[in-house]
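Structures for review follow.
The two complexes that follow have subunit A in common; it is paired with subunit B in the first and with subunit C in the second.
Up next, the complex of A and B:
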């Protein structure tokens, strides 16, 4: 690593920290901390984007850094914290898989991600091509977070972290997507979180809990009782 | 100009109905906006027929025979569904199942949903296509949960999470596509994600990266199509939302998702020079057909029954696009048209039937023929049409697909035939007692809006008997464009 310029070393540090944050998310059970980790992940993305913008002189990266700052570092964590306070969900229940098991699966996933990234990195001409593997690993680890959690809120944090991973991937492979697409994606994420906010209150109103095991009745053949209850409503 | 009208009308409609969506005349406004959208779509079609392909707004929008026919179809079904939703939502409101604010939400989101689908169909930018698809999901999530019952909340959550994760895969696929193209088209400007440009250089794109991209794109958009292992959200979302939404989800959104998959397939096939994309489409398609046909037997809820039937038909269409070639593509496009018309007609009839019976359970719906012969006949004819009975259009397209399969992929024919047979028995066995069984319930208190049902079925019948030459040319042009085989 001695030959690398300082800014590239910093970028690699950001990438490594991103991966670390994803592992931390995998094991974190306090939802407030999970949101803080998400905010930290956003900050790392911001730093990486700024470094890359400065290094390559691509103006649209500065714009996308502003977007990241507004949405991922400030607005989303604020909104999620507000939701947590108003819904009073602080802890997730025991994940479906215990922590050491999850970690092991996570390690395997990282190896797989680097294997998947091999052909892409080989073709990429960007300075950051080595972090494509990390981006894919972040996406897959977030995916595991979503699978192993029961609380709706943790799943959403996993979902947003997956989006962060994709964003980082786009940045490392191609210095970001065209601006119009990035704006569109940011808008979608924003709307998604607002829709989710509304949605959480609906779930709460109905079940008095945000635990997703209430949402498991719609399986084949199990709909009868509910369909009947709908009839009574009407 | 027509394009601007087409995209702006539903967007303006969404805003207007966001303000006045709970007024007495809101359903009429909804119909008027949908009618305006349909007229704009007709104008656009006339222009494309007259002048050929359109490429406007810095090449961000691209209209060719393939998408213009879907645009017209989408606008048309959007119009008829708004006609159906007028009396349907009134009754729901009188029953107290939707309050005024929810009705406002419903009307506004309905228009927004139309707008996002039309954007997805007309855009030339693969990134915008993704954005529009995601927006289409988001605009319908709150519609699925409109009744706020436990089951509808669960369906909405499943819909949101599964489609959200699915569509995230598609975003990754899009990034890979951009990555492969950027080396040839340059990062300056946004030309590297424009479909027309990608299509021009598809032979030079890196096959390894495009192969990977296609896997992600297929899984991503395939989730929205409802292809078999990723279909879980579909029956729930169709069954728990209001029936007009089931009709547009099934008749339109699935088509738009297939459209996205096919656009990607054209690019990837040109780069890979191999059968991989075709084989993947055929595999997923066949799996969906078979799985759906057997799951049909376990359904006790009429809307879930027809939702599974949608999965089956999406499987058939995907399989046909996978086979590729002029005839199979032609048949797949025809099947998309007739399926969307027939299925929305069925949902209209089912909507009235469930309101009448006060239940979605098949066992509780009996004797539609005595309650209201028009609903009974509508449901019966619709079911016969969707099951591929001649002389309806579904028969023509399924016949074309099967004969092509016999020639090109003989191994798949018996599987397809068996699945179609199983599905026939399952659906017919359930619809028959619903229509002809005994009942004690009284007659319907309100006149059902069955004009849309019979308009759709008449169109399907006409398509089955005779495809007008200009329409056939149109399909052929689109089929050539998709190529493959």
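Up next, the complex of A and C:
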């Protein structure tokens, strides 16, 4: 460790904090905090990208840093906050598993991800190859976040955090994806969030709730679910 | 063994015994300031202990020998722990006898005897406190052990002085793993010393108390020893924290009397800062419901394990 240059140490710190933020998301009950954590994750990603760009001298990484700043740090959190205000959903329901249980499952997933990443890291030649495990862990933890939440809002945040994990993975394994792919993914995410935002209103119009549980029942059952949800929400 | 080492050893034990109540007094004072109250005297804990030593002990009829002997066992366990934690110097003759894992065991012994003594009388409160204490203990202990493992892996030894010396003399580097462990350790410290998110040290409200519930049946010298031991425990935890995470300024094995002298004001400064910090944490946070305590300690465990995993993956 003592041999590592300082910027690599900072990169490692960013990676460790990314992992921590994923856990914080996993255990967060309030949706407003969840969005703030997403913004913080984006900021960490931005710092990591800039550090890597400065270290390797890869120009296109600066471009993707700008993209991260515009989209992940600024626009998406702002958009989500606006949605929260307009939909008036400040609280998530209790996650399906209790918090301590979720944490333990998360830890097991991290161990699994680190094991999975070991052969990949051994083959990679980048300076940041050791963070590949963390990137995989972030992706898997976001999966769990999506699985254990009922509300549509938190699932979208989980989805965005997963994209952040993938981005970080690509960065650590190969210093970023080709620019065209990155733009494509960014556009996809942007459109997805906008479309999902419209979806939220539709879902709420139909069921008076953002609980995705209601979507599982067939049409005949929908009226029953609707009645249930009105009782639950009131 | 040098005479200086022996002096360091004796000095550390005396300092721990003498300063522990003062440290508690300092925390109480800071807390009172932060809460806009008039602060009690710094010397109040000493006066309390002296007063208790002058009183006659009242012991319940059904009490067994265990109840009488427990304060002495708990107190001596804490003194022994103070002897093997490097607070001023790392060249301590006693520490060859016990490493960091034995230290955790020593703290656990004290906890077991305290809980057994609380259950011994058979009152409802004692049993309640003992059960809660054991619940907190069994959740906090793994976290504490993993925190120690992280530092042990970095220094490739489980001997606390060697870990401290290694970390103190090493080239300065960013250790995310140690930062995570430090957070985990702080949470464990709060839980284990009956501080606010888990227990409130200054209340006797039946439904929430843990530590105080166990001491309800004690009086006079027994109570004095128990309270002194609690102060020592807090002091010990603070010193473990210094030894693992801010070891700078400690007198190493090549130390001279001068470095030993220099380490004393440094230790005092660290204690002042940590005491104020603890008071701040206790002022800004609310006490958790007892059923939320596992969540709190699971967070500590999570931080500790994340530290370990991050260290194994990144080598940092």
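Keep this in mind: the second predicted complex is superposed on the first by the 217 of 234 C-alpha atoms of A that agree within 3 Å, B and C clash if a C-alpha of one lies under 4 Å from a C-alpha of the other, contacts with A are read in each partner's own complex, and residues count from 1 in each chain.
Please note the rule applied: a contact is a pair of C-beta atoms (placed from the backbone, for glycine too) under 8 Å apart; a residue touches a chain by one contact, two chains touch by 3 or more.
Quick caveat, the model's predicted, so the values are computed rather than measured.
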Quick one: classify A:100 as touching subunit B (first), subunit C (second), both or neither. second
Quick check on the superposed pair: does A:88 touch subunit B, subunit C, both, or neither? Answer first, second, both or neither. neither
Tell me which partner touches more residues of subunit A in the superposed arrangement, subunit B or subunit C. B
When the two structures are overlaid on chain A, which partner does A:16 contact: first (subunit B), second (subunit C), both, or neither? second
Partner chain(s) touched by A:4 [first = subunit B, second = subunit C, both, neither]: second
Is A:130 touching the first partner subunit B, the second partner subunit C, both, or neither of them? second
Give the list of subunit A residues in touch with subunit C in this complex. 1-2, 4, 6, 9-10, 12-13, 15-17, 19-20, 23, 27, 99-100, 103-104, 106-107, 110-111, 114, 117, 130-131, 133-134
Please name which positions on subunit B make contact with subunit A in the complex. 60, 95-97, 125, 127-128, 130-131, 134-135, 138, 141-142, 145, 147-151, 153-158, 160-161, 164-165, 168, 171-172, 174-176, 178-180, 182-183, 187, 189-190, 192-193, 206, 208-209, 212, 236, 239-240, 295, 298, 300-301, 304, 358-361, 364
Seen from subunit C, its contact residues with subunit A in the complex are 154, 170-171, 173-177, 179-180, 294-295, 298-299, 301-302, 305-306, 309-310, 312-316
So in the complex, the part of subunit A that touches subunit B is made up of which residues? 58, 116, 119-120, 123-125, 139, 143, 146, 152, 155, 159, 162-163, 166, 169-170, 173-175, 177-181, 184-185, 187-188, 191-192, 195-196, 198-199, 202-203, 205-207, 212, 214-218, 220-221, 223-224, 226-231, 233-234
